[in-house]
Structure formats: C-alpha cells, structure tokens
Amino acid sequence: MTEPASTESHVFKCRVYYEDTDAAGVVYYANYLKYAERARSELLRELGTDNSALLRRHGVMFMVKEFAATYHEPARLDDALQIRTRISRIGGASFSAEQRVEREGRLLVGMKVRLACVDARGRPARLPDEIRLAFAT
Amino acid sequence: MTEPASTESHVFKCRVYYEDTDAAGVVYYANYLKYAERARSELLRELGTDNSALLRRHGVMFMVKEFAATYHEPARLDDALQIRTRISRIGGASFSAEQRVEREGRLLVGMKVRLACVDARGRPARLPDEIRLAFAT
Amino acid sequence: MTEPASTESHVFKCRVYYEDTDAAGVVYYANYLKYAERARSELLRELGTDNSALLRRHGVMFMVKEFAATYHEPARLDDALQIRTRISRIGGASFSAEQRVEREGRLLVGMKVRLACVDARGRPARLPDEIRLAFAT
Amino acid sequence: MTEPASTESHVFKCRVYYEDTDAAGVVYYANYLKYAERARSELLRELGTDNSALLRRHGVMFMVKEFAATYHEPARLDDALQIRTRISRIGGASFSAEQRVEREGRLLVGMKVRLACVDARGRPARLPDEIRLAFAT
C-alpha cells in the first residue's frame, strides 16, 4: 500500500470501546471493517451527501465487492485511532479506496476495498455525477 | 422470573465465539440480546414460519418494545449455552417472552422481552392467527 | 424515567452507520446497548480516567448486572443521536445510571442500568474513591 | 480460488439472523468474517481442541494477519449458509485457509486468510504439534 499524500486522504477519528474488543484483549479482526465503513460514510458526508440521500435521490447504494486487509499490530481498549481513506480509483460503476487504521501515526491495519454502485435490486448502476465530481477533487 | 415447566420452553443451543467476547474475557453484555433474538427466530421456524415469511405473507414483523435483563454470571469463550424461551403472554398486537441463558443448567442471564407486531411502516398490527395459534399450543 | 436536569447529564454524540442497522431498516435492538456503553466510557474519560486505567491502577472494572430498556421509536441510518447519561445512584460497590437515546431532543430509547465494580476475577470490589468523588460532583 | 475436493473441506452450517443484516437488506460485509471465524473455531473443535484449550495448554492463540474476500452475491435474512474451510498451507508459525460462504451450493463470498500462531504477548510462536498433525490429515 503506497503512502498517500496527506492532503489527499480523509481522516476519521475513532475510539476503541469494549464492544470492539475480544477475549484476546485486542480489537476483533472483523471490527476494523466497521471502522472503515464509518470512515467512508463520513467521507461521503463531508462531500455533502450520505448513504440515505444517495438511495433517496439517486436510487443507488455502495456494496463492497472486494476487500483485503493486512493486520500489522492490534488496537486495544481505549485506543484513539485515525482512519485514513484515499479514493484510489474512480470507475463507471465502482470505485476503490485505500484505508489505513493508525494509532499515533503508526500503521495498525492496511486495507484495500472496491465498492460497486448498485440500484435497490443490487444491479450495477452508474456512479452519480455528484459523487464522481466530489471524489475527483 | 418463574421457572417455566421444561415442556413449555423452547431450547436453542448456542456456542460462544471470539466475536461475542470482549477484553474483560467474557461475553459482552449486548450480545446476549443477539442470542435471545436467534432463539426467538428459531422458535418461529419450529412453528413453521420465519421472519421473512411473516413479512412476505402477512406484511408484519416483530419489534422489541421492552427489554430487561439480570446478569448473574458471565459466559466465556467456547462455552456451550442453552437459550430457553417461554411465551409468557399473547396479546392482540404483541406478545411477551421470558428467556434464560444457561450453561449446564445454571442460569447466567435472565431476560424478559415484550415484542409488538408492526406493519412495514412500524404501525401496530394484529398478531397473525397462525402465530397466535402456534404460541398457544 | 424522570427527566434529569440538563446540568446533571452527560451528553455523548453518536452517528448511526450501516453496522448498527438491520434488515428492518432500523437500529438493531442490541446496538443501543453499545451506544450506552460508549457513552458511559466517555463519561469516565471526561472524569479523567478510563476503563483501562481503572483496571491498571485499581484492578477493577465495571460489569453490567441489570439492564432495562423501553424502545419508543427506532433510530435509522445516518441519524445523529445524543446519548444522555445521568448517574442516579452511587453505592459501595456499584452504581446506577439512567440513559436516554435522543434524536433532536426526542426520546427514542430509555434505559436503566446497574453496574457492579468487580476485580479481575469478577468478585465485588469497592468503587474507587476517585470515581465516587467524580460521580458525586 | 480453486475448488477444494469436498473430502478435504470442513463444512459449518450457519443461519442468517437480524443481527447479521443491515438496512440494505443483506448481510453486512464485516459479518462474513464472523461466520469464517466460527467455522475455523468449529474446525478446531472437531480436531479435538479449541481456542481456550490452546491458550491454557500451549499458551498460544491464532491471530489473523492477512484477509481477503470477494463478495459475489449477498446473503439475506433467514438464509441457511454453509461455510467451507480448507487448510491451504501449514507453516512453522502460521497457516492459511480458503473459506467459502455458500447457499445451496452457490458461492456467495470467497475468502482467504492467513493466521499467525502467537503467544499471550502477541509474539510469534511455533504451531503446536497436535494442530500441525491434525491439519495435515
């Protein structure tokens, strides 16, 4: 995962609560995907829209089609995390993002995700222009 | 919580996985509500229906309106649990259940729950007759 | 649930993400307990401590022993929620709180919770003085 | 992902409940990782051990270091799923598995996971011989 320029990546702050941890004393491996999705949702919100509005106004939503993660170090209870998100590719009906879970600048988990734009029945749909424009700038 | 006759209560078996536990080494308190909901879903299935069919055929679903739990002892990773469910009241548009999380016959968590029957918009709806009949027997 | 004076209650802000919702289109009933626990954790943090520090410095943690909720209206995707927490009782080895999930001042879920202070083995422990003092003021 | 011979793969059955779904009406993308972990836990159990015993007897546990998933089709409420697990590589201090989430023989999600064997402090540890032997046969 290449290091994105800091000016290009969106930062979402996230605290680790008991719900996120497991009996091994660390954040459960599936829960980093929740952090990633929260970060993508907040990125949308900062671009002036959100998942509910996309469905209401454009009849579309985003579905994860591919996901990959490398777990370097675990996060623990009460950790203050930063989730960095960089849109790495914008296609006709999908986009990709690189996301990093960091604690004090240190990479804990690196993730790559590809999302498809689909209609209410799950069929591929064109990325709305407002999203395409917002991602490009 | 009165002890229901064993012939009257439905038993659902449930294993504790990492996802259920937290950094305190025990099952996270919210996750017992998942076990309880799984048990109610399986009770429906044994009565010959399920949540999807209720919505498709009758346009209704069940929403929890009141919930109370007493946590006696924690469950831990790899525990084999039994969730006992007894329908304690059947009303016109709601029903109540008493549910017990047990490990080898020992009560870990006792729960009481009241569920309303609602239509797709969340408005109160009459309990379908097939459910009423099934619960009564 | 009596309305606590606004000066007495702690407010935690919380956004609803996809992870919180279910196929009924609303927040899954167990997930309000996560919001409640996050709010209690942030209350501790504002009092100058946190769960990790309590365990490290005093060898204690808080375990929920009783919980009750009344669900008035559901929260939905992208909702901005406020979780109000008021400490309603401080005992020798436990405390109680009233918690409200609100959206724009409207009560969605009312909760009452009693937590025991326990040591690492789960045995009752005296509430640390720093907590007792902080809660009282 | 190559199709493992049916004799080589472990099958775990799993039902979709409300807790697993989200407001898009499908299983939330992070929750397939829970199914995968349940399946790996049950595979261990069928080999005569479990996560708790590994920690107690050998002082080790398994931590996911790499994970990748391709989401082909979504699972929905009340679906009966099969999780197929095949150990694809056994190393000195780690192993890899290929896991498939299927519904009536149809592939919904394909996953690859690499797990490290670590001690209680998270340092690499040798795979216990009982595990190595069991995986190999």
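Letters A, B, C and D mark the chains as written, and numbering starts fresh at 1 in each.
Heads up, the rule we're going with is that a contact is a pair of C-beta atoms (placed from the backbone, for glycine too) under 8 Å apart; a residue touches a chain by one contact, two chains touch by 3 or more.
Worth saying up front: this structure is predicted, and the values here are computed from it rather than measured.
Between the interfaces A-B and B-D, more contacting C-beta pairs are found at B-D. One simple way to say how far apart two chains are is to compare their mean CA positions; for subunit A and subunit B this gives 34 Å.
For the pair subunit B and subunit C, the distance between C-alpha centroids works out to 24 Å. As a whole-number value, the distance joining the C-alpha centres of subunit B and subunit D reads 27 Å. Among the residues of subunit A, those touching two or more other chains are numbered 18-19, 24, 26, 30, 34, 37, 76-77. Taken as a graph of touching chains, this assembly is complete, with every chain in contact with every other. Residue ranges of subunit C in contact with subunit D, taken from their complex: 18-19, 21-26, 28, 30, 76-77.
Considering their complex, residues 24, 26, 29-31, 33-34, 37, 61, 63-71, 74, 122 of subunit A touch subunit D. Here subunit D touches subunit B in the complex through residues 15, 17-19, 34, 37-38, 41-42, 45, 50-53, 76-78, going by the rule given at the top.
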